[in-house]
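Next up is a structure, given as structure tokens.
In order of appearance the chains are A, B, C and D, and numbering begins at 1 in each one.
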Amino acid sequence: MIIKKCFFTFLLSVGLLMSGCSGRVELNELLIVSAIGVDIKEDNTAVHFQVVNAGGSAGGQGGAPAGASGGAVYTYSVTGKTVYEAVEKASTILPRKLLFSHVTCIVVGEEYARQKGIDGLFDFLERNHGIRDSMLMLVAKESTAKNILTIYTPIFKNPAESLRNRVKQSAAATGVAEGVQEKEVINWIHGQYRDPVIQGVERVEFDNQADDTQNLQNIDANNKTFRITGLAYFKKDKMKGWYNTKQTRGWAIINSRAHEMFILSHKCNHSKGYVGSLIKGIKTDVTPKVHDGQLSYKINVKGKAILQEVTCKINVGSPKELKKIEFQIEEELTKELTSVIDKAQSKKLDVFGFGKLLYDNHPEMWRKYKKDWAEHFSDANVKTTVNITLETVGARVESIHEQ
Amino acid sequence: MNHNLNHWQLSLIVFSFIMGSSLLMAPNLTSFFSGQDAWISMILAVIIGFLINILWLFLLKRYQFQSIFALNELTAGKIMGTAVNITIVFYALHLAAYVIRNLSNFMIANVIPESNPWTYQIMIILLAVYTTYYGFNNIARVSEFLNPWMFLLFIGSLLLTINKFEFSNLKPVFDQKFVYIAQGAYSTTGFPFIEIILLGSVFVYVKQKEKLTKSYMAGLLWGGAVLIITVIAVVGVQGDYMVKRQSYPTYELMRNISVVSILERIEVLITVVWIFGILVKVVVCLFAAVSGLKHISGHTSMRVFLLPCAILIWSMANHIHENMMEFTDFVGQNWTMWWFTLYAVIVIFLIAGIMRGKDKQAGT
Amino acid sequence: MTHPFFKRKRHISQKETSRSEEKLPVSADIHIDLAKIKELLGNSIDVKVIEFLHAPVKFAVCYIEGMVNKQQIELSIFEPIKRWQQTDCKKKPEELIHQLETAAPLYTYRHFDEITAAVLKGHAAIFVDRVDAVYCLAIEMWQARGVEEPQSQTMVRGPREGFVETLQTNTTLIRRRINTPSLRFNLSEVGKITKTTVLIAYLDGIVDQDVLTEVKERLKNINTDKVFESGMIEELIDENGYSPFPVFQSSERPDVAAAALTEGKVVIMFEGTPFVLITPTTFISFFQAAEDYYHHFDLSTFIRLIRILSFIISISLPAAFIAFTTFHHELIPTSLLVSLGAQREGVPFPAFVEALVMETIFEVLREAGIRMPRPIGSAVSIVGAIVIGESAVAAGLVSPAVVIVVSLTAISSFVSPYYGFSGAARLLRFILMVLAATTGIFGMIFFLFGLIIHLCALTSMGKPYFTPLAPFQSGQQKDSILRFPLWWTQTKLYSKWSKKS
Amino acid sequence: MNNKAQSIKYRVTLTALWGFTIIYTISFLAGKQLFPFDKWIGALFKPVYAMMFGG
């Protein structure tokens, strides 16, 4: 019995020793990667790791020992044939081990997306157990990822975090709530026979000074911030072009991504001025129909509007006028929808997942169309109906312009 | 060593056994063949499993729920019976080895890749030996205490993913050919619904035999229901393409949880549920093996066999397959038939025994 | 091979050692007897023998100084006997003893071993010439502490009485709370040298007979020289020798003991200690303070949940901290991770060493706090505050987060109403820390399952320790983790409720 | 462990079990596959599987 007991104790200690604390990394042996950037560099892949300098980020904390200072983040750039090669090479220039589990976003340079295609990234990102599939994907508009990742932003010490928050904040303007996640892109390209879109990001004013910490002292914030722009559309994994803001919003509505949206209607009852409103609770319903071999889609959009601003002479108090405003908003939205649909159909890129929709509802038709889906998609007849109800006029009834 | 358990504890053991290691594997195994119709495969597997177990229980009931080892000797004669018993012992050890390998595979692939798989294997085997040492009653009590928590934890985390659920991921329904659906069901039938016949070595210790069938089936159906729900949730949230891509889709599913910023990244919780299921499964296997050996040897205690069995399980877990893909491939293709063969052999002997009137001798 | 991992062999009773003193009979000659008793008690200075060898009927009184009521000796022995001796009538020695004027019980012994035992207990032995017997008068009285508020188990609302070292007082305290004739105190004796009196208290008719016989059996099987405190007995009759969890509840509160008796438990009481043992015990009963029943049920339930939470914290918080910061960085929210990382900049030790050192320092401080002489108290607390406080952080030895973790753990470990129970948490914490430092969260899961297996395997006097959680007893859930309102169970509503289920 | 008088059956079983365990463990530690159970089982059931689902 004693032998048995000793044996099990032995086994347990062997088990513990064997693990030998393998896989154990102290916090001060780690570099928290907050964002990854990918650029093309002479046919190779340049990977940028934006890493958090914990001492600099959490500065001002009582406990932090002196000496921990410097910028909040640093960006390392490494070039390699593949992402993994770059990561491997990075280990020679990095002072600590990279921790990938807190990557919030991956920024792809426009060049890279156009020439190499984004497919090459996914395998490493998915196979690594630390990286989350749910991180944001962004394309650096007319720029490189490096330009985006080498910027010190005010308010947020960590630009990656600031980027993520910006995506959230801009949801009402661009319509794309929660951004576009990496796993969605994978699923779109490979799982749903659909052409992906990825949100774009650009520097508001290009200024080299923004790379410097000193610049944070400057009160002017515009030269050190990003702007979330329209969507970049892809054909499979190669980037093809950009949607403007209007088209982006159209895309968001069709894909039920828009939770809230600002609308500025230009026509204002024949007088000068604008009517601005916030649309909430947007519900989109897309139904495919096949009639006599002709494919058609019906897009039904419903929503509630809240009046935000009136700068022209309308009688906000009268229900009739409100109906007019509703109608104007509907018109605006329809314009946005048709604009993006036209563009997608002319480029023959199914960015809406219409193919998947057809498959869901009429799998047998889908099999028929699958071969040259791009053609069928561009020939499809798309009808849109928008139905907006003005729910409230806000905290004020009459506008100043009425008097 | 106290082996007694009541019918409620039996239900929970069956539930954990079913849910156990299949929790992480079932979505991938089914979806690999049947795509978005994986849940139909799963339902099919549960139904087949149900029928298989109903027959099994019906036959055992005719024999007053004697231990399967004793029944084999009774129905197949001394020599053949012993041969079948040795086979059962081997099956049990083999299954335990697989389950443990499965655990270490998972830990290495997803949780701590830098670590040594042996650590996890030795630890879980030690736990299994520790509880088996006290008799089956111990694991029954442990599962009685932990199961409700595990269930809550699992259901709770599933609920947290519900905001990401999209019905379009499950559409179109019945699009796959029936062969594929059946193929998806095939792998999940053996694993875990036929494996559970190892619990036949425990029935003799159940206190209220008249409630046994009902509670066993209840446990089985609950476990099956949880598996079905898991498959639906996994496919519904991630889409079948992503499920096929991932090694452990249920774990990936939990990575999607983000409700408030503190309830992010809690996927490790699902590991607790899963490891508990694995523990129960290994204990049942180990118990079946040692009680089989006890029966064969005619010894009074089963503790002597624990140590060699534990070592054998450990070396088998490492040695039987060289890498993870070979393992997955083997489980996907041969597992169900391999277990069904054992099931069929025992069932044929039992039926033959009934025809020869042997069931009257049992228990008297 | 029949004894489990953490169970050692029960004590096998050895042959009753034959008593060293021979059964010496008392002779009729008082001189021989007195010489004998002096020899037996070794002429110790506290043994007083007062001789009246010139009286018409010779007699002597023997007692131990400080253990008898001197006044009573004067009033009830000497005074009446003197009066009787002075009368003229013929006196028979046998009549002497009838002259005593006392209510104390009187025993007649004929052997010296009985007499010495009685004298040592505080009886006064009366030797009479020409009588071959010795009378022992039970007029014991010694200096005892008065009934005070219990020190180790304090409460806001509830009786302020605590047990004292005197068994007699203690039985009274229980008797006063349970006015039923079925209350029994069974006497037994433990310790070959100390011969400590042990009482087994139970309520006849309610008590679980298996437990009662088990307790008696085990007490009988003890083979030891000395017993001074209930803790020693606890270890001697414990069946799970290697488990850190106490399987006896020790309490110095008479209301707790009385409540245990009414629940059919057995209470073991000792001479010389205010702590009594309650058995059988369950795991959950260590989270139940007597006060729970004196407060409103919702508050009590809440407090019980807090106690369980703090038990979990006190076991696992440092380990969880180690596991999260060294293995599972992905589980910590990014901003927290960054700030933890900032704190760790420049800390030379791994998180495990950091936590281990701080935990050890805390344990040292705690021990010093208990042992040190009172006047030095403030000095230790000042130093302690400096050691586990700001200075250690400022010196860059540990990170502030570890200080928070360790102090939270320390505070949590004080919450349990039973001191011995938090000891289990203190020990297990270190094991868990090692596991967490080697295998991360998996080690913690491993530990958790191992712990539950262990708890499920434990028994207290043959009864499952982890009940009513496992095996699950739905009937007992009314007072386990939650405390249901008393009116649910103890008024008419209860009968309705129980009929339904 | 074996100091009690045991029946022959018990000794045979225990010896066989230990023997197999030791041989298997040694073969594992030496990296030699003496008992390729998976190959045997695979050979047995591959045809059945192929018949059911067409490879």
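Going forward, a contact is a pair of C-beta atoms (placed from the backbone, for glycine too) under 8 Å apart; a residue touches a chain by one contact, two chains touch by 3 or more.
These figures come from a predicted structure and were not determined experimentally.
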Practice item. Any chance you could check whether A-C or A-B wins on number of contacting C-beta pairs? Key: A-C
**Study point:** Chain ID, smallest distance between chain and overall C-alpha centroids
**Key:** B
Exercise for review: Compute the distance, rounded to whole Å, between the mean C-alpha positions of chain A and chain C.
Suggested key: 66
Revision key, fill the gap. The distance between the C-alpha centres of chain C and chain D, rounded to whole Å, is 55
Point to revise | Distance between the centres, which are taken as Cα means, of chain B and chain A, whole angstrom | key: 42
Revision key, fill the gap. Among chain C residues, those touching two or more other chains are 1, 5, 327, 330, 438-440
Study note, to complete from the structure: Each of the following residues of chain A touches two or more other chains, namely 1, 4, 16, 19-20, 23, 101, 132
Check your understanding: Can you list the residues of chain B that touch 2 or more other chains?
Key -> 111-112, 115, 119, 123, 265, 304
Revision key, fill the gap. Touching chain A in the complex, chain C uses residues 1, 3, 5, 325-327, 329-330, 334-335, 337-347, 350-351, 393, 396, 399-401, 434-435, 437-440
Revision key, fill the gap. Per the touch rule above, chain D residues touching chain B in the complex are 1, 6-7, 9-10, 12-14, 17-18, 20-21, 24-25, 27-29, 33, 37-38, 41-42, 44-46, 48-49, 52-54
**Study point:** Touching residues (chain side chain A, partner chain B) in the complex
**Key:** 4, 7-8, 11-12, 14-16, 18-20, 22-23, 101, 126, 129, 132-134, 183, 186-187, 190-192, 356-357, 359-361, 363
**Study point:** Contact set on chain C toward chain B in their complex
**Key:** 1-2, 4-5, 327-328, 330-331, 333, 438-443, 445-446, 448-450, 452-454, 456-457, 464, 466, 469-472
Review point. For chain B, which residues are in contact with chain A within the complex?
Key: 109-116, 118-119, 122-123, 126, 129, 168, 171-172, 175, 238-242, 245, 252, 255-256, 258, 265, 307
